[in-house]
Amino acid sequence: MVTRYSLRVLALGYLLFLLVLPVGLIAWRTFARGLAPVLSALTSPSAVHAFEVTLSVASWAVVANTIFGIGAAILLVRHRFPGKRILGALIDLPLAVSPVVVGLALILVYGRFAPAGGWLERHGLQVIFSLPGMVLATVFVSLPLVVRAIVPVLEELGEEQEQAAHTLGATGWQTFRRITIPGIRWALAYGVVLCLARALGEYGAVAVVSGRLVGQTQTLTLFVEERFQNFDQPAAFAAATALALMAVVTLLLTKFLRPKD
Amino acid sequence: MATIEARAAPISAPPAAPARAPRPRRRPPHLGTGLGLGLAVTYLSLIVLLPLAAVVWRGTRGGDFWRAVSTPDSWAALKLTVGGSLLVAAINIVMGTVIAWVLVRDRFPGKAVVDVLIDLPFALPTIVAGLVLLALYGTASPLHLNLAYTQAGVIVALLFVTLPFVVRTVQPVLLELDRDMEEAAHSLGAGGWLTFRRIILPNLLPAMLSGGGLAFTRAIAEYGSTVLISGNIKFRTEVAAVNIFGRIENDEITSAAAVSTALLVVAFVVLAGLDLVRRWGARRGD
Amino acid sequence: MGTRIFAGVAALALAAALAGCAGTVNADNGGGASGGPVTLSLVAYSTPQAAYEALIKAFQATPEGRNVRFTQSYGGSGDQSRAVGAGLSADIVAFSLEPDITRLVTAKLVAPDWNADATKGMVTDSVVVIATRKGNPKGIRTWDDLVRPGVQVITPNPFASGGARWNLLAGYGAKSNKGADKAAGLAYLEALLRNVPVQDTSARASLQTFAGGKGDAIISYENEAIFAQQHGQALDYTVPDDTILIENPIAVTTNSAHPTQAKAFLAFLHSAQGRKIFADHGYRPVGQAVTGVGFPTPAGLFTIKDLGGWSKVSKEFFDPGTGSVAAIEQKLGVSTASGGGTPSPSGK
């Protein structure tokens, strides 16, 4: 039918001009002169540093949010207490906050002139303009992702198995390790991958708290911007393509891990 | 043995038969709950709640809020941001539904690939999105379509990052849709558009609005993808997040906090509205 | 199920790789004793990044610099100065103009005698030039050409960028007979700013804007124009007859953990080798010329001192409330970024 074809053309055309062509163009421009310049740009000391900073910050954030995520999910699904819906809404809060506001918020509490930040600095821990601040910012923006991935599956799982284990004499920890975790393992993996992707790709929040310290607090995303501003398009494009590839890998992983409804 | 019997005692109610619809029996609050809740709330407070409260407190103290928000450039940035995001949400509601429709109802080679690609804006870092759009729609555009330093460039950037929202909320609803009513309408002689308008659309509306609301909330917060293509021209192409960033760099923290608070309030209002829409949709859906 | 297992293993492998990488990142803390490696933090304005990268490499090849590592941060001069005031650690600060150091002197982060040496605290010079598209199709060469109707000029916002102040003062000084005819100078600035479509927040950002296709001409530092040309940007530049001498200050901070090494780095920057590297990157040397790299001398070169010095000029022109440039910008509807609220240095 005409409608079917015109809808298809409209949808695919929209996607072509908004999604496919731009991403394709970057990949094409990056590899225009072959693989060698790309590899040399990506193995320069500042690029390698940027990789390291990104991975370090992202791993801390993923570990922290996974522990929190599992705990909060169990709390929300298996326990009863007043204000549960409020807790759920508060956990979702980071999704609605602009990354620049995240940076500002952290500066106001953990900056040198803020009470908490000042106290920490006097005791030797600089938060803002240093790695801990970057980790905090990344934790903030990716906070809800593991929780939201686990909660529906935990609900569906039901408590029967856990209660059965309890009856048979298992301790809370044994139940958790042998019953709960295996039950949610695919959802957990899915949440971890989402959290990781978000953490690797964060730009706005870390831009505010980083202090632009090349090689120290410069993540791969900040590296892309800084190289671009220095007219070093090859390096900027190479790093951008590397990030895009990571994004595609994440997409494929989540596609396989997504809990089947 | 003694241990098992002793442990068996507290479970007074018989275990739920598997056939019964699982009604989770949550344990009443106990020490574990309190401890877990305390830890979770502490984590949340230290990282999210206290900092956000600090922003709102700093932005609204001493009556500076309106003065800061109404300075010419911040006001222009807020207007552009909210207006642009509304436009983007509207476009997404239409195009997102079209794309979801094509993905669910149509069949063509490579559909699975397209389905995966839709989520790319979720996974791609915003600065990379900005670079990517600048390459195609900037001054060196191979399509000779130069949107740099224009509001259109801002809109395109926002459309990119909000692409998946409406598609992903409408898709599952379309998949679940019962085709019987459509077929009945068709056999009664109703054309495609009438069927869509009267039968399908009402079922999709909550999902469309929900996705549109999410797209709006995402768009007003956007920073990285607009930074490169828009040129951040004050009063014309500077979005709220860029304005806030500039104020932070200028050490005008109170003004930055005020504009941030304005953004948070708008987001909060929209999300509260979304919650209502979701409950309306849940009531319709049964 | 098989694909899920594969994906799960892939995810685990990724996590393991990350954990491994997390372990290898070590924050480089400077060693206290003279034997261990020392890390110096350089916080500078946006344009000399390439120069400092080369200078650091050369310094590390000298005996004084052998065990010294550097962290570097570059951004708009005013922004970086404010960041150091807000807690960004710095051993060496290098800014575009003196007031950004003076701010830190007030905050007791730089000693009051920072400019008591032979070069008066300056490390490089430059001049303000007018740059155009390659081939200069619109024939823009002089200050008068910039105010022709229909000409679009790029220059940064003077309330965010140090470079912008140099740019505007150069035009002002040229058209006001080095400050003698204030009214003529201010009239010129108003006409000039009317032709500016975009005011970025740093010198480098405005160069980006120009390189991105906006504007017919850009007022910039000579060293920025040279940098752009060295990086393949298609632009030409003219050194106007009347222009201002840009003087860039540098200082060691009072709270530096390694003042000896920091001062050694500064000494290297003033050495013949350091000055040559700067010159290769387009920066004029302070004092005697560098053999092999020549810079044209404008006939009507003047300095900030001729206009009354920075404290007078900052107050008279760039005070966000009462300055004459602020008044012009507000008349044109451009943000002076502090037009409404007052930025209080203590109210962080």
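Letters A, B and C mark the chains as written, and numbering starts fresh at 1 in each.
One rule holds in what follows: a residue touches a chain if its C-beta (ideal position, glycine included) is under 8 Å from a C-beta of that chain, and two chains touch if they have at least 3 such contacts.
Just so we're clear, the structure is a prediction, and the values are computed from it rather than from any experiment.
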| item | value |
| --- | --- |
| Centre-most chain [mean C-alpha coordinates] | A |
| From subunit B, the most remote chain by mean C-alpha position | C |
| Dominant interface by contact count, named by its two chains | A-B |
| Inter-centroid spacing, subunit C versus subunit A (mean Cα positions, whole Å) | 34 |
| Approximate Å spacing (C-alpha centroids) for the pair subunit A, subunit B | 16 |
| Gap in Å, rounded to a whole number, between the CA centres of subunit C and subunit B | 39 |
| In subunit C, residues with contacts to at least two other chains | 75, 83, 86, 348 |
| Residue list for subunit B, restricted to those that touch at least two other chains | 253 |
| Contacts with two or more other chains, residues of subunit A listed in rising order | 252 |
| Subunit B-facing residues of subunit C, complex | 75-76, 78-79, 82-83, 85-86, 159-160, 197-201, 209, 212-214, 333-335, 337-341, 343, 345, 347-348 |
| Interface residues, subunit A side, partner subunit C - complex | 51-53, 55-56, 58-60, 62, 111-113, 121, 126, 128-129, 131, 185-186, 189, 192-193, 196, 211-216, 226, 229-232, 252-253, 256-257 |
| Subunit B to subunit C touching residues, read off their complex | 64, 67-68, 70-73, 138-139, 146, 148-149, 231-235, 246-247, 249-255 |
| For the subunit B and subunit A complex, residues of the former touching the latter | 3-4, 7-8, 11, 15-16, 18, 22, 24-29, 32-33, 36-37, 39-41, 43-44, 47-52, 54-55, 58, 95, 98-99, 101-103, 106, 108, 114, 116-128, 131-133, 135-137, 142-143, 156, 159-160, 163, 172, 192, 217, 220-224, 227-228, 240-242, 244-245, 248, 253, 256-257, 260, 263-264, 267-268, 271 |
| Residue numbers on subunit A that touch subunit B, as the complex places them | 1, 3-4, 7-8, 10-12, 14-15, 18-23, 25-26, 29, 68, 71-72, 74-75, 77-81, 87, 90-91, 93-110, 114, 136, 139-140, 143, 155, 158-160, 163-164, 166-169, 172, 197, 200-204, 207-208, 221, 224-225, 228, 236-237, 240, 243-244, 247-248, 250-252, 254-255, 261 |
